[in-house]
Each structure stands twice: as structure tokens, then as C-alpha cells.
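After this come two complexes, each holding chain A, first together with chain B and then together with chain C.
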Partner chain A sequence: MGVFAWVAWYAFRRHTAYPLASLAEAVTNTVFGFLRAYVLTALWAARPHLGGYDATDAVTFTFLTQALIGPVQIFGGLELSRRIRTGDVAIDLYRPAGLQAWWLADDLGRAAGSLVLRGGLPLAAGFLAFDLRAPGPAGLAACVPSFALAIVTGFALRYLVALGAFWLHDDRGLASVALVLSLFLSGMIVPLVVFPGPAGDVARALPWSALVQVPAEVFLGKRTGAGLASALAFQAAWAAALLAAGALATRRARRRLVIHGG
Partner chain B sequence: MIEVTGAAKAFAVRRRTGRLRRSRTVVHAVRDLGFTVPRGAFVGLLGPNGAGKSTTIKMLTGILAPSAGTVRVCGLDPSRQRTALARRIGVVFGQRTTLWWDLPLRDSLDLARRLYRVEGRAHRARLAELTDLLELAPFLDTPVRQLSLGQRMRGDLAAALLHAPELLILDEPTIGLDVVSRATVRGFLERLNTERGTTVLLTTHDLGDIERLCPRVLIIDHGRLAFDGDLDRLRAEVGGERLLVVELARPGPPLRLPGVAVDRVEGPRQWLRLPEGESAAAVIARLAAGHEVRDIALRETGIDEVVARLYRGDRAYRAQ
Partner chain C sequence: MGDAARAYALLAWTWTRAAAQYPVSLALLAAGAAAVTALDVAGIAMLFAHAPRIAGFTAPEVLLLYGTSSLSFTVSDVLLGTSETLGERIRAGDFDVMLVRPVSPLVQIATEEFSPRRFGKLVPAAVVLAYALPRLHTHWTPGRIAMLPLMVAAGTALFCGIWVLTAALQFVLVDGQGATKAFTYGGAFLTQYPMTMFARDFVRGVTFVVPLAFVNWQPALYVLDRPDPLGLPAAARFTSPAVAALVCAAAAAAWRAGLRRHRSTGS
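Let's look at the complex of A and B:
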């Protein structure tokens, strides 16, 4: 195994080191799932077939996206930004391994741990309380690459925000902006199909929709055949573009680097 | 092992000078720095806070590229050949850790092994040796967050040395450590240098480290090399003076003795500064002849005082 596989493995171990904390997060995600589900149920009762979804789609969408909060880390944040602020990034920059690849591996391990500990409960509770739409074996198989690409795209975005700390010395402003964009444009607040006309088209073309909206559509079985291929290609293209931007920003950052805190 | 010629590092700092206006000033962290460290040496790097020590270390490890001059470590250009260099040197930043906070120390050491591609058998032998020398056994399986600072530092040293580097660079490795931990770390570094022949460059504010470990000292001040030599020369160059503490029978005015300055008077006690070359015996004889003396103590200038004087710039000093 290469070093990055080990980094991912130890990150997985690290992020599953506190199962009780993860359980608490999963419970929170589940409770909010119920709140969102009831709001959307009311919305779909008033406007059935809104955006081409029925009420079951909407509620399934809700619990699935609640389960994805942890793995995709929709609320943003990457430990790297704190390390840049305190100067601990010196350790990362000195290592004989690429900065971005190291943190991607770390994040994949974290996401896997989060999927295991935080993904199950919201979905299980949703299936028990509501009549959710479950994908068949082919649908589940399609979810695997789609979720993986959602996680990678999410990382690539958060990595760029974190690197902002090299220029801004503090990434909190940037992180707040990123949070709002991420919540609204990923489909986390309401499915993007609800956004009307051109606004919806724009939202669906932006990278954030690769985090939640697209994987949810794959889960709901709304993307099959060529639709599935285009969904995965869309996610892969954004992941590649954002990772490339991250690689470029890393090179720039190395050149103009100031290590904080001596 | 290390060759630094005319190295400089400048940072642009933006400062707010008006509501919207900002001015750009250039801060020279290091300027025209030059020194060499031969293979097998143990060299101490000293300097007041903000003198440019950490910047120097970051240039040596390839984290920062020098704005001018050349830096060579193990024959490599650190900023261009960082990865190749990192496999040949070990670095410990005393105030930062390479260990994974939530995992047992053993896991961090295993990851270090994967990072530096140490082959299995060599790793086991090396780990056993380091475990023994650094007394890691009692906490190898403890999560790093539960380690004391001294234990963590020993863990960090082990992580930096698993790949048997030729050069070890230490940035304040004994900061915050208690006397016992400090002694363990010092003893270990000494053995590493003498028995294994590892070249060591150590920055510290703890002059005990320097006295115990470093035959040669480099002092950086204001980004420049202010001194390069051994401790005895440093003492001689900066302050060969000694201090004579005299306790008289009664308090009185400052003593008047030819060639001797009174540094301080506290009741019956007086501190006299003996210039270089002045015989203490002669001064004491003269003193006893004219005064009733109750007690006398002679103090060599401590290394702390020597360095403090150097930092304050009490006397003109220059690089060799």
C-alpha cells in the first residue's frame, strides 16, 4: 500500500476513535431529518409533483441528505485551515508527500468513518418512520461512485477554502461564505429541482450540486442509463477541475508562504 | 552537510495606514547569512526571539525558498529537492508535533515508516532501538493526546529518526520540558551524535542544552550571523569579566579600587566587576588590607549572562 492509503486508513481510525461523539452527531442529523421531512411533506401536500418529485421522493431526499452531512461535510471546514493559522502547516509542508494528496487521503478516511458511524442512523430512522424509496441493487451500485465523487468534490472545495488562509491569514470570512453557498446550492436546504427556471439551471450546473443533489438523484433512481453516466461525468469533471485548482493554489501558496507563529 | 552562502529571506508585510490605504513594507528575516556545518558535527543555533532562527531552519528544510543566496543540505537544494532531502534528514519542531493526536503513538510511528518507506525488518530493529534509548515502551500504545509533553517530545524524536537520517534538525526540542525529560533528551542526542555519527543542528533558548551538547555555537541576530565558534571563545569575546561579591562588616559607600568597577551595592554587599586579566587574588588582598571583609565569592560569568550581553549588544562583536 502506498503512503496515502495508510494516511486514509489512519484517518479512518482517528475519526472512528470517538464513537459516542459520532452517535450524538448522528442523532442530531436524524432529528433534523424529521423536522425537514415534515416541512417538505407540508410543502408537497400543497404543491404535489413540485419539480417532478412526489412526496416520497422529497422525504427520501431529506433523510438521504441528512445521512450525507457527515461524509460530504456539507457544513465545511478542514483541519488544514487551523494548521495554516497556527503555523503547524510547517509539518505538512516539510513531509516528503504532496500537501493536497495527503489531505485528500486524510479526508477520504474521515469520510469513510463518517459514513459508517453517521450515515446509517438517519436513513434507518427514515425508513422506519416513513415510506422511503429504496434503490435496487443496480441503484445502490450506482450510488457508490456517485457518493465517492461527492466526497472528493466536497474535499476539493473545502481544500480551496482552507488554502485561502495562506492569503487571508484567517479563513473564517471565506468559510462563512462557503457555508451559505454550500447549504443553498447543494440542495441541502431544499432540493434544487424546486429552484425555478434559470436559477435552477445555474444552481444545478455549479459544483455544489455534485455534493448532494446529484448523488440524491442517483439514489432516488432519477438518473439511469445515459442520465447516470452524465451525472457521474458531471461530478467527476467538477472534482477534477477543483482538484486542479487546488493543486495550482498549493504551488502558489508554497511560493508566497509565510509560516505563522515562528 | 550544510552550506549556506549569502542566504536571505524577505517577507512583504502589508500594513493598514489609512481607512483604505495599505502600505507594503519588506521585513528581512534573514540577510546575508553564511555558515557551514561539516558531517558529524553538533552545532547549536542561538539567537533572540525574532532573530531569524526559525526562518533559517525552514530554509534548510525546504519549507521556505531563500530570496537570495544559496542553501545546500546533504548536497541538495532544499526548496527544489524537498522530497529527496526529507528522506535524508529528520526534523523536530519542539512546539509542533508530527504525531496523530487521537491515535496511539505506535500508529504515528508506523505512518512515519510508511512515509519514509522504511523496510519492515529495518523498521523493527530501529523502533526497538529507539524504544529502548528514548524509553518509549510504557506509552507506545497510549493515544498521543494523553502523553505528557516530555513523552510526546520523545515520540516526535523517534518519528523523526525512524528512517535513520544523516542530519537531524531540532527547533527548540527541550522547550517546556522538566529537568528529567530534558536530561533524557539531551543524553539521547549526545549518543546519537557520538555513536551514530548523526549530524545535529539544534536551536534552543536553553543554554544548558548548548553547554552540555554543542562544541560549536552559531549566534544569529537581526538575521545575520553574529558569532561562530566554541563556547570558550564566546565567553572570552563577549565577557571575560568575572564578578567578585564582597560582604563587608558594615554598609558603606561603593568601594574604590583601581581598575575595578562596582556593579551594585546592597547594604553591606557589593558586586565588583573584575576586568579580564586582573588577578582576583590581588584585588582581594588590596580589599582586605583596607576594609573589614566578612565574606567573599568569585563568580565566573555564566553562559546565560554572556549570551544576554551579546543579545543586548553590550560589546562589539563580529562573525569570524
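Let's look at the complex of A and C:
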């Protein structure tokens, strides 16, 4: 196994080491799934077929977004930013392996662990309590690349935020701006189809929609054939562009690096 | 009690002064906290952009619920919110350090890293209330006006009780912090919306088991002069302070029991 596969494997092991803590998080995700599902059901009772969704779509969307919170890490954060603040990043940069690829591998391992421990409960509870829309085998197959691209796009965004610490020394301000953007523009608070007119179009074109809205549409079967191809291409384009920006920022950051003390 | 309050004020002030060493960072973090809280308002605005009434309630009525819930929750969060880290501190051994100091461990954990930035969350709540109150079609009587500060105070006490109760749970479930958020942050989210949105059995649960309906829903029924979907007697609308007192008493008992049971961790 190559070094990055080992990094991912150890990250997976680390993030599945406390399964009870992860399951506890999943319980909260599930409760929020119910709360948000009731709220959206009330809206869809007043406006059936809003944005081309029916009530079943809206409820399914809600539970799916709760299942994705962990894997996509919508609330932000990357261990790397702490290491930049403390100077431990010097050790990371000393390794004969790219900084971005290393942390991407680490994050993929984390996301896989999170998908296993935190993805199942909200969806299972949603299916038991409500009549959710389940994708067929072809739909499930389409979800695999879409969810993977959502995770990679989420990482690319968080990596850029973390690198901000090289310039700002304190990444918390940047992180809170990033949190607001990712919560609202991903479709976590309300699905992007509820956004009125042009605001919805703008939100749909931004990278955050690749985190939740687009994979959810693939899951709901709203994107098939050419629509599916364009959805995946949209996610892949943002993932590639943000990773490239991250690579560029990494090169710049190497020259910025100041290790305090020592 | 007086000693505890004095210790709390002293420790909170110490942390506030520490945070004020970086004024720009503090201001930005407060603005960030306000923005994240305001997202829920934006969500409510999005919902009402599509329908004038949802589950029988208008936008100003829902915003009254949002404002009162958010005000109560934020004050309780500032006062006791960091107690949610108890499980983590037990695991790391930090909590044992607190036990040897001559100050109540609850006061210590509640003031640990006390940050005034959380006051930023009061801004959206205050703005929303200033917007919603004049737009309510309510016949304002002295009783209804007096109910507003009373419901915020009772709601704050109730949320404070829930913070301590969920912290006490972590004496038993050290890994359970993730799930206790369902009661604290989940309760804050739930009480922003009218209970007519939720399933009947669910509303019974948050009325009789975890009495979140008394944070603002029951008093708001009195302020808005609405029938109770569960058909509780009208007197229930005035019981929030009593319910809050009960929850706080239960929380105090649970905290003491948890503290007695605490055996530290590790070898």
C-alpha cells in the first residue's frame, strides 16, 4: 500500500475508535432530521410541489442532509489549522509527501469512518418513521461518485480555510465566515429549491451546492441521464478548481511559514 | 449561593479580560456568532416567502417564538453552555483538577473559557423581536405585556436546567455529549417554531417528558390568544416559572448525584 492509503486507513481507524461518541452525534443528527422534516412538511402542506419537490422529496432531503453532516463535515474544521497555529505543520512540510495530498488522504479516511458510523442512523430512522424516497440500484450507483465528490469538494474548501491561518495566524474568524456560507449555501438550513428566484440560481452555481444540494438531488433521482452527467461534472469541476487553488496556496504558504519559538 | 455567584462573576470577568486582549478577533467572533444565529431567521424568512401562513401561524407570530426562544437560549448558553464539555474534561482528567480547587466545580466548568463573543447571538434575537412585536395582531393587555419578560426569564431558567441536566448525564455517559446536543441545541431549534408543525405525540413528549413547550410555546399561546392543540387547560399557560423551578431542582439533584458517583477515569 502506498503512503497515502496508509494515511487514509489510519485516519479511518482513528475516527472509528470511539464508536459510541459517533453514534451519540448520529442521535442528535436524527433528532434534527425529525425537527426539520416536520417544519418542511408544514411548508409543503401550504405549498405542494414547491420547487418541483413533493413532500416526500422534502422529507427525504432532510434526513439525507443530516446523514451527510458528518462525512462532508459541514460545520467545518480541519486538524491542520491547529497544527499551523502551533507550528507543528513544520513537521508535515518536512515529510517527502505533499501537504495537500496527505491531508486529503487523512480526510477521506475520516469521511469513510463518519459515513459508516453517522450516516446510517438518520436515514434508517427516517425510513422507519416516514415514507422516504429510496433510490433504485442505478440511483444508488450514481450516489457513490456524487457523495465522493461532495466529500472531496468539502475537503478542498476546508483546506483553503485552514491555510488561511498561515496569513492570519488565527483562523477562527475565517472559519466562522466559512461556516455561515457552508450552512446556508449548501442547502443544510433549507433546500436550495426554496430560495426565491435569482438567489436560488446563484446559490446553485456556487461550490457549496456540491456539498449537499447536488448529492441530495442525485439521491432523490432528480438527476438522471444527461442531468446526472452534468451534476457530476459540476461537482468534479468545483473539486478540481478548489484543489488547484489549494495547491497554489500551499506553494505560497511554504514561503510564508514562520515557526515561532524554538 | 452568594459565594458561588461571586466566584462565577470573578472567573467570568477574568476570561472576559483575557478575550479582550484581542479586541478585533473578539469583535469578529461575536459578529460570526450573530451571523450563524441569524441563519435560522433567514431560514424562517425563506419559508414565509412562499406562504403567508404555515401550520396556522403568520411570520410575525413565528418570529415572536424565534425571538423569545433565541433570547432565553443565548443567555443560558452564555451562563452555562460550556458545561457541555464535562465528558471531554472527565476523559482528559481536567475535571479532577477542578475538584481540588475550593470553588464549586459547576461554577468552574461554566466559566471555563467564558467568552463574551456569545453575547453576539443576542443581536438577531433583539432585532427580530423589535420587528415582530409591533406587527402582531394582538390585543395588548397589561397581563400580555408582563408575560413577555416573564416568559424569557422562565425560558432562560428552563434552558439553564437543561444544560446542567445534560451535563450531569455525562457523568454516566462520558461519550454522550453528541447526543445531549439533541436536548440543548435541538430544544433551541424546536422552540423557534409553533408546535402545530410537529406530530401530536412529539408535542406530548416535549410537553410532559422534556418540558420544552414551557420555554415559550405555552406563554405565547396566552400572548397570541390561541387555542392549545393538545387541549391543556388555560392555566397551563402560566405555569412556565413553576416548570422551570422543577427542572432546575431536578438538575441540581442530578448534578449532585453525578458528582457523588464520579470515580475519575484512567488508571
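As a working rule, the second predicted complex is superposed on the first by the 259 of 262 C-alpha atoms of A that agree within 3 Å, B and C clash if a C-alpha of one lies under 4 Å from a C-alpha of the other, contacts with A are read in each partner's own complex, and residues count from 1 in each chain.
What we mean here is this: a residue touches a chain if its C-beta (ideal position, glycine included) is under 8 Å from a C-beta of that chain, and two chains touch if they have at least 3 such contacts.
Worth saying up front: this structure is predicted, and the values here are computed from it rather than measured.
S.K.: With both complexes superposed on chain A, which partner does A:Ile91 reach: first (chain B), second (chain C), both or neither?
M.R.: The first partner, chain B, only.
S.K.: After superposition on the shared chain, which partner residues are touched by A:Leu50: those of chain B (first), chain C (second), both, or neither?
M.R.: second
S.K.: With the two complexes superposed on chain A, say which partner A:Tyr10 touches: chain B (first), chain C (second), both, or neither.
M.R.: A:Tyr10: touches chain B, not chain C.
S.K.: Which touches a greater number of chain A residues, chain B or chain C?
M.R.: C
S.K.: Given the touch rule stated above, what does A:Val39 touch, chain B (first), chain C (second), both, or neither?
M.R.: The answer is second: A:Val39 touches chain C but not chain B.
S.K.: Need the overlap of the two footprints on chain A, from chain B and from chain C, as residue ranges.
M.R.: Shared contact residues on chain A (touching chain B in one complex, chain C in the other): 18.
S.K.: Could you please specify the touching residues of chain A with respect to chain C in the complex?
M.R.: For chain A paired with chain C, touching residues are 18, 20-28, 31-32, 34-35, 38-39, 41-43, 45-47, 50, 170, 172-173, 176-177, 179-180, 183-184, 189-190, 194-196.
S.K.: Over in the complex, which chain A residues touch chain B? Could you list them?
M.R.: 1, 3, 6-7, 10, 13-14, 17-18, 87-88, 90-91, 93-97, 255, 257-259, 261-262
S.K.: Mind listing the chain B positions that touch chain A in their complex?
M.R.: It is residues 11, 49, 54, 58, 61-65, 82-84, 86-87, 91, 93, 95-98, 100-103, 107, 110-111, 114-117, 143 of chain B that touch chain A.
S.K.: Which of the residues in chain C end up touching chain A in this complex?
M.R.: Its residues touching chain A are 22, 25, 28-29, 32-33, 35-36, 39-40, 42-43, 46-47, 49-51, 53-55, 173, 175-182, 185-186, 189-190, 193, 196-199, 202.
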